[in-house]
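The two complexes that follow have chain A in common; it is paired with chain B in the first and with chain C in the second.
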Partner chain A sequence: MCRLDGMAKQTQFFDEMTGRGNGPRAPYEDYCAWFKNEDTARLLAKSEEAEALFRLIGVTFNVYGDPDATERLIPFDLVPRIMAAREWAKVAKGIEQRVRALNAFLHDIYHRQEIIRAGRLPAEMIARNDAFLPQMIGMTPPGDIYTHIVGTDLVRTGDDEFYVLEDNARTPSGVSYMLENRETMLHMFPELFSKVKVQPVSQYPRSLRRSLSACAPNACEGRPTLAVLTPGIHNSAYYEHAFIADQMSAELVEGHDLRVVDGRVAMRTTRGYKPIDVLYRRVDDDFLDPLTFNPDSMLGVPGIMDVYRAGGVTIANAPGTGIADDKAIYSYMPDIVEFYTGEKAILQNVPTHRCSDSEALKYVLDNLADLVVKEVHGSGGYGMLVGPAASKKEIAAFRAKLEANPGNYIAQPTLALSTVPILTEAGLAPRHVDLRPFVLVSPDRIEITPGGLTRVALTEGSLVVNSSQGGGTKDTWVLEE
Partner chain B sequence: MTMRLNVEHRTHYTYNAPVPYGLQQVRLRPKSRPGQLVETWDIEVLGGQVEVAFEDEHANSVDLVSFTPGQSEIEIICRGTVTTEDRAGVVGPQGGFVPLWLFQRSTDLTKPGDGTAALVAATTRQDDDLSTLHALSALVLSRIPYSTDQAAPDLTAEDVITLGHGVCQDHAHVFITAARAMGFPARYVSGYLMMNDRVDQDASHAWAEVHVPSLGWVGFDVSNGISPDARYIRVATGLDYRGAAPISGLRYGLAGEAMSVSLQVQQQ
Partner chain C sequence: MLGKTAGGLFWMFRYLERAENTARMIDAGLRISLTRSSAAESEWTAILSSTGLKSAYEAAHGAPDGPKIIDFLLRDPGNPGSVMAGIETARTNARTVRTALTREVWEAVNECYMVLKKLLAQPIADRDLPRVLQVIRQRTAIVRGASHGSMVRNDIYNFCRIGTFFERADNTARILDQKYYILLPSVRLVGSASDNVQWDTILRATSTTRAYQTLHEGETDPRAIAQFLILDGRLPRSLAFCYGKIGENLGFIAQEYDTRHPCHALAETLCHKFKAHDMNAIFDYGLHEFISDFLADSARLGRQIEIDYRFTE
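Showing the complex of A and B:
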């Protein structure tokens, strides 16, 4: 039995280690057997060792809007989050269904818009969607894949209850943490991995390479050349861009390293210009091409959209995929899944109130203290209200913003997010978590790395797991069958 | 009535210093469509090369041209023969994938303001859409007479209304902005017009098209107070000038640019 100090009385939330407080659940049995023989002081020392290791490697991020912004470390907690193979299989099946539907949806929106003609999605949802790019109309990317790399955010509320929180079809970040977290755990606790059989994640960079290569354009001759396009060292995720490029043996490039040469997008090398077949870009749509989008952008590649539309390069993820990340579109996902797959959605959506609707708005304004309110285009936990955790003053301020521009917001009930213990000075203590699995889409398969990135709200009782808002991460284990 | 028109259109850019790198998006290939048959059409680039060609979302044929590094001039020459037919400006139903609501979007150049509202208010609504739009066209021309003084490519519709005169591009922007404000999908057209009395034309032409439920797209040349006939060659369409511009570019370096255009359109 684990020393679950302070955990036994947890019954309001589902704890993934102890259920409703009844001792270790099956997936945690082997881990708990190991843990009970460990000394808390030794583990706390290991914790510091892990932090030193992360600092050494340089896994850091920046927080936007922080005037004292320097590079920060995302805190790492060494108690893994564990799922049984069977639990994971169902989640993975649900994600695959959802990602298939997303790609079909994106194709449809940029072609015949059957879902709108069928009356299942109002045209305003697209017409008013800032991420919709007219330049993508009629454009079928190589392999007909729009969202190559997806990070479907999930939360768990019970033994068999998972909800999708966000689809992140545009540019999910965080995969470097998934890989580094596992690496660190293997390094610190090699004996633990001989006692508990965990499905590996280290194949991710190879899978990413394979998956992107499978989407090479027709213009590609021989083995595809891959590159990662970064906005540069001042971007909060620069470390991850460099890491991914290194791990999958691709070039790390900035906009000024690339130009259009002989009908291709080519990078400057010591031996002249070399064509790029697949560009994994971490530059937002608006900055991608000053000739087609924001003319003031210095981060992009002039003419890349023209080469793309002529079939000379693959851009991953495709421009314009952000329409699927809009939180108003999210509220239609159960319909979207059903429309394109002919099946009911396996994973549940969080019930969502669209504040553009006057009745929904009234309900939301009457219940602000109980709801989570988000901007439709927001991400990263910025600009949201968590009603139950907010002060009266914060709620009043948010009410004013909401009333001024209702269409900009959606609201959701506060979910009873599951907890997983973290290690504290006083022993194990439950903290709320979410999960971002990483999904790779190619024409012939959808590959989901077992597990993903578990984000944990380190403050007791907090439901906000974003790293920019004081969240940490955990290694995520999916056990072998 | 049909016409067979020969076009030679040269756009010549010179720079006061060599240009290290530059790109131009060229929308100068008319396409065959009902009422317009493109028999031959060639684009020649001096001082640069065509990198890629593609169709944009409005089915315009686009050529991406790069400057030969270190050049201080580039010339784009179009030559072709097009047979045209007078269809009283009717272009027909919307094809392709672009939803009609997109043509009701305002752009930076076609953002409605008080000037547009005043134009819309002063337009007499007729029994049929076509007559209403012709009334709007006539009103725009009467309030904003044609004049090449202060012609600038980046005037917004509201700027033009305030200025009180304009060229074909300005007329098209004002008309499009007002038509959208009245609830019609509307778009900008760039192309060629053979003026009857001359071979050498001043510049390429621009007009507008509006989608009316009964006919589909219908052209309105506000500057000339008519709907396009057999003397018009449609080349590219877009939400405004920027979306349909014959040439739009970007270049590195600080070299100053001068442009000259020679355009001949004549009946064979």
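Showing the complex of A and C:
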């Protein structure tokens, strides 16, 4: 028999299952009723079963620079993260507002730059930013959509408190885990899904296909041809690239499968070159076109930017969207949302100190032990300092890096991230989580799959949930009304 | 379908077939070294030659030695032609063409790889070898079964099949190429015909001993063995059978694409050779010459398929 006792002493953080330790919160009631009659040993055995299943399916990610473990599993915890329909509705509304603002911002920043003229954003935030692509100035992508796919990172700190941590408007990954986690849960606990009504996520690949097809370029004749561009089998997210291509019946292509033929981007098939209408690329801007960007890139397609500008292909997400999820621009998001939507931002931003500013820098240096400091262009949890968890030596080393190049960093207070229990040998134990819902943007609608990917720090007390840093994942449930 | 994908499927199934064939040859070598130790060295040499790994082996280990050869062919990390390396390459190809495979086929090949990776991590003790060889045969058979049972009969399936039969015919021809001289009508062999070790090697290395005996009611003679492995359309490892299939599968693709290429004419010429000639004609022409011609033609066909279906840029 499973018990919730282990969760009782927890009070410092908001736990999504037990609140401040007073027994199951409403969304977890049905689950906990089921859980109480389960046997920990049986569940742990199920956990191993899940791992074997992931290995067999090949849901792995590659770790760079580790030849012995080139394919690793992201640990999966089988206690779901559960949200009520009402909680989700507010989050979804906030994300939709934010994504609308991001697209309007991108259009503006590559056209008239009204937000700068209005004095709401300093011009140097754009001018001296590598993520801003001059090649995109004056260019409107098909359907005027820049961020076809967004993976907004959220954290929760209380019953009704959500913060956006990052907007991930370039090439968010993890959606395959959202889908495989659900499949695995359905496979392992079919009876549970008959007791608890959970909103489905399996429509995502179809929605993705529809959404990308709706952004086909003018050159497209008939049913759009879609392809997923991957850097190749050694990329850390290769499994996901193959999974997405497979699920939405698109070809999975690499740079050397493509070339420009008669003004179109075309793939080499067994029957000759075939034009592609929409290219969902999982390759960074810099590697997209050796003629326009990094000349050494073997991953892209020479001349694709010319085809793009002439309306011969849709690139998703659009080149240059990185300017919108830059961590320095992030600090202006509340203004950006208000400027383009005329409304207050529904979701909060984490207060952010831009270290390029000398007063902010002084504050950050004085309070390093309490802050989280991140590289402006960093991702994946690399190159960041979590002050409260760092040793004196680590802080000193980071201080030197920060002083040498302050403009490269931003700092944020350490948030009291919510916890959700994971299953351990000793029963349930609270661990910190974040949430990445996946958003699809097309000219006629914004679609957000209910739930998303919950990442969980498996080490007690840790706030770093990134899979590259030993984090795991959970299935995320949004209950039916 | 991408040209790269067609190539990936073709090679995935070639490597699977090759790994399986190498396991069969190890089985044959093992059997001979257990029952006829005096003949072991020359038979191991023939086996090494027909896998095309003789010089690589000699460079690494020198003179033929049963246990060393077994380890070399099975799992030596320094040998890119080992069974393990073949399975690993097949699985890497499967990952690249993942979107063209059914979940069943992918899982079968991935599990084949995972099981063998574990099983072949260390050198195999003699007493475990028969079981290990059996696991290899079973695991590759599961991949074959999954393909039969779950794949749509379209171009994807046909490229897989072409890879399988191409490699299998190549394998049978290479064994014949090593042993052709014992099948010549002029040869007078010492000892009783039904107990000849060299014939035994040929039949075991192609796993056709039982089939041969059933069809020939126990009568072993060299001419019949040659006829069986080259021309018998009932035997799934004979050259005639494999080329019949290759011709058929290429034909299906031509039909599906409504386009013929030079590889089709080439395959038809090759298939025709097996229909037009009987064993007398082949012996008159010269068995060795016939097999050498076949290996050269087959290599040419492989290159032509690669060009016609744009496997590479």
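By our rule, the second predicted complex is superposed on the first by the 472 of 481 C-alpha atoms of A that agree within 3 Å, B and C clash if a C-alpha of one lies under 4 Å from a C-alpha of the other, contacts with A are read in each partner's own complex, and residues count from 1 in each chain.
In this section, a residue touches a chain if its C-beta (ideal position, glycine included) is under 8 Å from a C-beta of that chain, and two chains touch if they have at least 3 such contacts.
Since the model is a prediction, treat every value here as computed from it, not as a measurement.
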Query raised in the report: Looking at the combined model built on chain A, do chain B and chain C fit side by side or clash?
Result: fit
Query - Touched partner set for A:E394, first chain B, second chain C, both or neither - result: neither
Requested in this report: Considering only the touch criterion stated at the top, classify A:P134 as touching first (chain B), second (chain C), both, or neither.
Outcome: first
Query - Partner chain in contact with A:E183 - chain B first, chain C second, else both or neither - result: neither
Requested in this report: For A:V260, decide between first (touching chain B), second (touching chain C), both and neither.
Outcome: first
Query raised in the report: Hey, in the superposed model, what angle do you get at chain A between chain B and chain C, Cα centres, nearest 10 degrees?
Result: 90
Requested in this report: With the two complexes superposed on chain A, say which partner A:E51 touches: chain B (first), chain C (second), both, or neither.
Outcome: neither
Query raised in the report: Which partner does A:T269 reach: the first (chain B), the second (chain C), both, or neither?
Result: second
Query raised in the report: Of chain B and chain C, which one touches more of chain A's residues?
Result: B
Query raised in the report: Just chain B (first), just chain C (second), both, or neither: which does A:D335 touch?
Result: neither
Report summary line: Rounded to whole Å, the nearest C-alpha atoms of chain B and chain C in the superposition sit apart by 10
Requested in this report: Could you give the residue numbers on chain A that contact chain B in one complex and chain C in the other?
Outcome: none
Report summary line: Per the touch rule, the chain A residues reaching chain C in their complex are 55-58, 233, 238, 242, 245-246, 251-254, 256-257, 267-272
Report summary line: Touching chain A in the complex, chain C uses residues 1-6, 92, 95-96, 98-99, 103, 106-107, 110-111, 114, 155, 253, 257, 259, 309-310, 313
Requested in this report: Spell out the residues on chain B that touch chain A in their complex, using ranges where they run on.
Outcome: 21, 23, 25, 51-57, 59, 62, 64, 66, 96-99, 101-102, 105, 239, 248-250
Query raised in the report: Inside the complex, what are the residues of chain A that reach chain B?
Result: 110-113, 116, 123, 126-127, 134-139, 259-263, 290-291, 295, 302-303, 306-307, 309-312
